[in-house]
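Below you'll find the structures, each written out as C-alpha cells.
Heads up, the next two complexes both have subunit A, just with different partners, subunit B and then subunit C.
What follows is the complex of A and B.
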C-alpha cells in the first residue's frame, strides 16, 4: 500500500520543485572554479596576445594580430623558432608514442600472465613514474654523458668502440630523451592495459582454446580487439603528453645542441620569461593550443569509428 | 587566565606604542637555500640594533619575484626593499619598476660607491644613475691542480696570467697515454691521459668566452645597446678558445660540464675555469688546488672575468608613500652593505663586495683569496635591458663554435643577427 502511494503523491511535485534550482546549485562550485581558472584566464590570455602587454606600462597598446602575424611572417625569430621547435616536438611525439604504446602493451601482456614475481615486476615498471622530471632528467643525462656516461662506458667495455657524443650531436641527442621518457612513463600505460586485460571475459579464451586457437591467434582476435577502447585512450593521452614535452629535454639537453631538441613549450617559456615578450608567448600558446585541439578531435573521430566498428562486431 | 589577559594587554600596549614611532619595512629576497639562515640572522641583527625600524624579511624563489614584481609595482603594493640580480636589474630599471638612489640620499645613508669594487656598483647603474646597492657577488675563476702542475714542471705558486703563459701551461699539462705532451713530436691527441684546460658547451662554459671577449677589448653590446659580440676583437678572442680544442688539442671536444668537473676532481685536468661556487666541492675533496683570476687568454687589453651579483633596490611606490619609510629603507640598505655584514655574508660563498672585506685576516689562508688582487675586474652581463635576448643567442653561438658546428665568425655573426632581431622587437616595449 505504502509502496504505491508514496511515489504517487510525492514524486511529481518533489521533482518539479527540485528541477528548478537544485541541479544548478550542485553545478555551481564546479562552474565557479571553471570560470575562474579556465574561462577567465583564456579570455585574459587572448586579451594579452592582442596587446603589447607589460604590467609596468600604464597603457597596454592594442596591436591586433601582430604577434600572430609574426608566427607566419618569414624572417622573424618567432617564425623561425616556433616552427622549428614545433617540428622538434612533433618528431618526438612520432617516435615516442608508438614506443610507449607498444612497450606498455608488451609489458602488460607479459605481466598479465601468472608468472613468478608478477607483482614485483609490475611495481618495478611502474616505479620510475613517481620520480620528478628533474630527477629523471639528471639520471638520463648522466647515463648518456659524452665522456663519463654509463652507456658509453658499457659500449667501451663490450665492443671497445670510441665514445659517442650523445648530448652534443644533433639527432643522437634525442636518444636519451626518448629512452628516458619511455622508461619514465611506460608504467602508467602498462597499468591501464593490465586493468583492461583483466576485464576481458575468460570464457572467450576458453572458447577459442576449444576451437584450437594458438596464443598468438588469441591475442590477435580476442585481446587486441577487446583492448581497442583503451588503446584509443592511451594513444590520445600519450600523444598529448608527448606534445607537451618540456622537462625532459630541458634537463637532459637544455634544448641543444643548437636548439635541435628544444620543445615548443620550452621556446614559449623562453619567449615569455627570458625575453619578457609575454604577448608574443601568449599568441604562440593559442596557436599551439588550437593545433592540439584539432589534432585531438581528428584522432578521436578516427579512432572512435574503430571502436564502434569493433563493438558492432 | 588572568596572567594571559595581563600579558596580552601588555603586548597590545607595547605594540601600540611601538607602531607609533616604529617604521616597518617589507624586504623581499631570493636567498632560499643554505644562504637563507645567514640572511635571516642579518635581518634579526639589524632589527635588534635599530629599535625604530622593523624589517620583515620574506624569502621566495628568484623566478617568482621576477614574475610578481611588475604586478606588485603596478598595483602600488611593492615591498619596500627588493633584492634583484644582475641579469634582471637593467630590465626592471628600464621598465620603470625601480627608483634611482640620489646622491644626497646615498650620502645621508653613508653609502660610498668608491669603497666597493668598481664594476660591482656599476652593474646596477643606468643612464648615469644608481639603482642598487651590491650585497652579494659570485665570479668566474680559474681553479688549477697544483700537484698536476708540479708534475709537468710548472710552478704551482705562479698560475698563468697571460695568453702565452696559459698556452704553455696547457700544452705541458696535455699528456697522452704514452707520456708525450702537446709540444712534443708524436703526441697523440686522441688518447689523452691528462689535459690542459676544461672547456664545455653550456652557459657556464660560455662565460669563458665572455671573459675572453672583454679581455680583448670587445663587449656584448654597443653603445646603442644592440648586440655586438661579433666585433673583430670578439672573434679573435673566441677563436683562441676554439683553437685550444681544434688546433692545439689541449681541451677536449664535445665535453659536458659534469664530465670536466669529474675529470678535474680526479686530477686529470690542470686548469678548470668555472664559477667560484665549486670551491666548496673541491675543498671538501681535500684536493691540492689553487684559485686564480681568469688569465688574459682573450687578449691583453685588460683583466676581466664574468660575475653575478645581487643588489638591494627600492621599487617604485605610490605617491602617498611615506618619506620615513624610504629613509629607513636606505638606512637598512647601507647597513647591510657595510663591511661587517658583508663579511658575515661571505659565509654563504659570496665574494667580498669591497676591499675592506677582502683584506680581512679570515681570507689570508683561504684558497679563494687567489683572485682578490683582481676583484676590481669582475663584470656582470648588465647595463642593457634585454639580457635574455643577448645571452641566449650568445650562449648558442659559443655552443656552435665550441662544438665545431660553425666557424667562429659565422657562429658569432649568426648570434648577433638573431639577438638584434629579438632586440628590435623588445624595444617596442620600452618607450
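What follows is the complex of A and C.
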C-alpha cells in the first residue's frame, strides 16, 4: 500500500510525462473545425466585402471599401434600406425588451412562492418557446388575421367594433410581431428569474417580515436588488435576441407593409441571396455585427466572470 | 388559546382553509394568464378540425361545429410538400448535429478543465472570445463556402458549420472543473489513461450537463430557420420549419389545412418538451449565471 501511495501524489506529473502532445490531440478535432467555420469565414467575409463578387460570371473585382461607403452615402438604396430596417429592428428591441423583462419578472414573482398547480402554470408559460419560429409566426398571423382572426373576433364580441387590419396597417403591424414574440419567449426569462429567486436566502424575508415589511416593500428592498445581476443578464441577452429579429416579421408580415416591419437581418439576406449582392450583404453584415459587438461584449464579460470563479485554485 | 382538535378531524384542515383565501387572487391571476397563453394553441388545434367554411365563419366558432379530419388527410397527402419527410429531415439533422457536437465539446472541454499544458488558458480564451462575433458576420462567407464545397441543398450545410460552437465547450468545462480530483487519482492508481478517465469517470459524472448541452444543441438545430431557408431549397430536403412556411405561403387562404399543418409541425416539439421538461428548465436555469 505504502509503495503505491507515492506515485499517487505525483499523478499530475505522470500525466505530463505520458506525452506532452496528448492534450493537443484532444483539442485537434474541434480546433480544425473551429478554424474552418469560425476563424476563416471572418477573414473570407472581409475579403468578399472588399471585392465585387459576381456569382453568375464568377468574377471577383477588387473595389476597396465601396460597399462600406455605400452604407454611409445618402441616395443609394443600401443607405436608405439598411438604416431604415436597422431602425425597425431597434424600435422592435426598444419595445420588446422592457415588455419581456417586466413580464418575465411578473410571472416569476407570481410563481415563486408555492401555489396550487405551480408546475402546470410554469409549463404553460414556458411551452410556447419550444415551437419553431415559423409555427409561432403562422399561428400569430392567423390570430391577427385582418378579417377573421381571433383577436378581431374577440374585439367584435366584446365591443362590437369593426375588424382592424392589423397586418397591413403601418405601425399596427408591429402589434402581432411584438405580442407573438412576448408569448413565444417570455418563459425562458421567467425560468431564469425563478432560478435566481430561489437563491435568495429565506432569512432575509423572515427578518423583513419581523420588522413589519409588507410584501411590496419586501420586493422593493430585497427581491429587486438581489436580482440585479440576473436582470442585467436577461436585459442583455434579450436585447441581443431582439436585434436578431428575423423569422417573426418574415412569417407574420413578410416585412410589410412597405418594409415598415422588415428587420435588418431580413434586409441583409434579401440583398445577398435575393438580389445576389453578396459583397454588399457581407459589408452590411460587418457593420451590423460591429454594432452588436458592444452588446455581445457585455454578455461576454458576464460569462467571463463565471469562468474566473472556476479558474483552478 | 388554541383548542385541541377533536379526534378524527384532520389536523391539516385549518391551515389549508386559512391559506386558500389569501392565495386565491394570485391563483386567479395565474389562471387568467394561462388562458391567454393557451388560447392561440387552442385556436390552432380547433381550427385544424374545422371545415373551411366553419374556419372563416362569422361569428367565430369556438368549438368545431362539424369536426373533421379532412384537413389532416389533405395535408398529409398534399403534393406540395411532405410534412413527414420534413420532420424526418429535421430529426436526422438535429440528432446527427447533437451527437457530433456534444462529443466534440466533451473532447475539447476535458483537457481544458483537467490537464495542464502550455497554452491551455490562451487557447480557452481564444475560442471563448469567438462568442463575441455576431453570427451575421459569418453568414455570407459561410454561404459562399457552402457553394464552393457543393453543399447547397445538402444536409452537410445544416450540420457542419455550427458544429464547432464554443458555448458547449464553456458549459462542459465549467462542469468538469468541479469534479473532485480524488476520483481521478484513484483511477490512475489502477492504471487508467486519460481517455479512460474521461470515458469512465468524467462523462458518467457529467450526465446532467451533457444532457443539458444535448437538449440545447438539439433545439437549436431543430428550430434553426434562417440558415436552412437559404442553403436548402429542394422541397424534399427541407427541414420542418422551412417546409412549413413554404406550405403556408401556398395555402394562405385555406386556414383549416394551414392549422392542421402547423399543428403537425408543433407536435414533435410538444412531445419532446413533455419528455425533456425537467432537463430543459433545470438546464436553462443553471447555464445562465452563477451568482
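By our rule, the second predicted complex is superposed on the first by the 255 of 313 C-alpha atoms of A that agree within 3 Å, B and C clash if a C-alpha of one lies under 4 Å from a C-alpha of the other, contacts with A are read in each partner's own complex, and residues count from 1 in each chain.
Following the convention adopted for this analysis, a residue touches a chain if its C-beta (ideal position, glycine included) is under 8 Å from a C-beta of that chain, and two chains touch if they have at least 3 such contacts.
For clarity, every value in this text was computed on a predicted model and none was experimentally measured.
Undergrad: Quick one: name whichever of subunit B and subunit C touches more residues of subunit A.
TA: Tallying touched residues of subunit A, the top partner is C.
Undergrad: Would you sort A:148 into first (subunit B), second (subunit C), both or neither based on which partner it touches?
TA: both
Undergrad: So, does A:259 touch the first partner subunit B, the second partner subunit C, both, or neither?
TA: In the superposed model, A:259 contacts subunit B only, not subunit C.
Undergrad: Applying the touch criterion given at the start, work out whether A:273 contacts subunit B, subunit C, both or neither, answering first, second, both or neither.
TA: both
Undergrad: According to the stated criteria, A:56 is in contact with first (subunit B), second (subunit C), both, or neither; which is it?
TA: first
Undergrad: Based on the superposed arrangement, let me know which partner A:173 touches: subunit B (first), subunit C (second), both, or neither?
TA: neither
Undergrad: Could you look at A:76 and tell me whether it touches subunit B, subunit C, both or neither (first, second, both, neither)?
TA: After superposition on chain A, A:76 lies in contact with subunit B alone.
Undergrad: Just which bits of subunit A does subunit B share with subunit C as contact spots?
TA: Shared contact residues on subunit A (touching subunit B in one complex, subunit C in the other): 55, 142, 147-148, 273.
Undergrad: Can you list the residues on subunit C that touch subunit A in the complex?
TA: Within the complex, subunit C touches subunit A at residues 23, 26-27, 29-30, 33-34, 37-41, 43-44, 47, 56, 58-60, 104-105, 107-108, 110-112, 115-117, 120, 123, 127-145, 147, 160-164, 166, 169-170, 174, 177-178, 184-185, 188-189, 193-194, 219, 222-223, 225-226, 230, 240-242, 244-245, 248, 255, 258-259, 262, 265-266, 269-270, 272-273, 277, 280-281, 284-286, 288-291.
Undergrad: Where on subunit A does subunit B make contact in their complex?
TA: 52, 54-57, 70, 76-77, 141-142, 145-148, 165, 167-169, 254, 256-259, 270, 273-277, 280
Undergrad: Which part of subunit A faces subunit C closely enough to touch in the complex?
TA: Residues 4, 7-8, 11-12, 14-16, 18, 20, 22-24, 26-27, 29-31, 33-34, 36-39, 41-42, 44-45, 48, 53, 55, 107, 110-111, 115-117, 120-128, 130-135, 137-140, 142-143, 147-148, 150, 153, 156-157, 183, 188, 191-192, 194-196, 199, 229-230, 233, 244, 246-247, 251, 265, 268-269, 272-273, 278, 281-282, 285-286, 288-289, 292-293, 296-297, 299-300, 302-304, 306-307, 309-310, 312.
Undergrad: Considering the complex alone, what residue numbers of subunit B touch subunit A?
TA: Against subunit A, the touching part of subunit B is residues 63, 66-67, 70-71, 73-74, 91, 95-97, 201-202, 252-256, 258-259, 262-263, 386, 388-389, 392, 396, 399-400, 403, 405, 418, 421-422, 425-426, 428-429.
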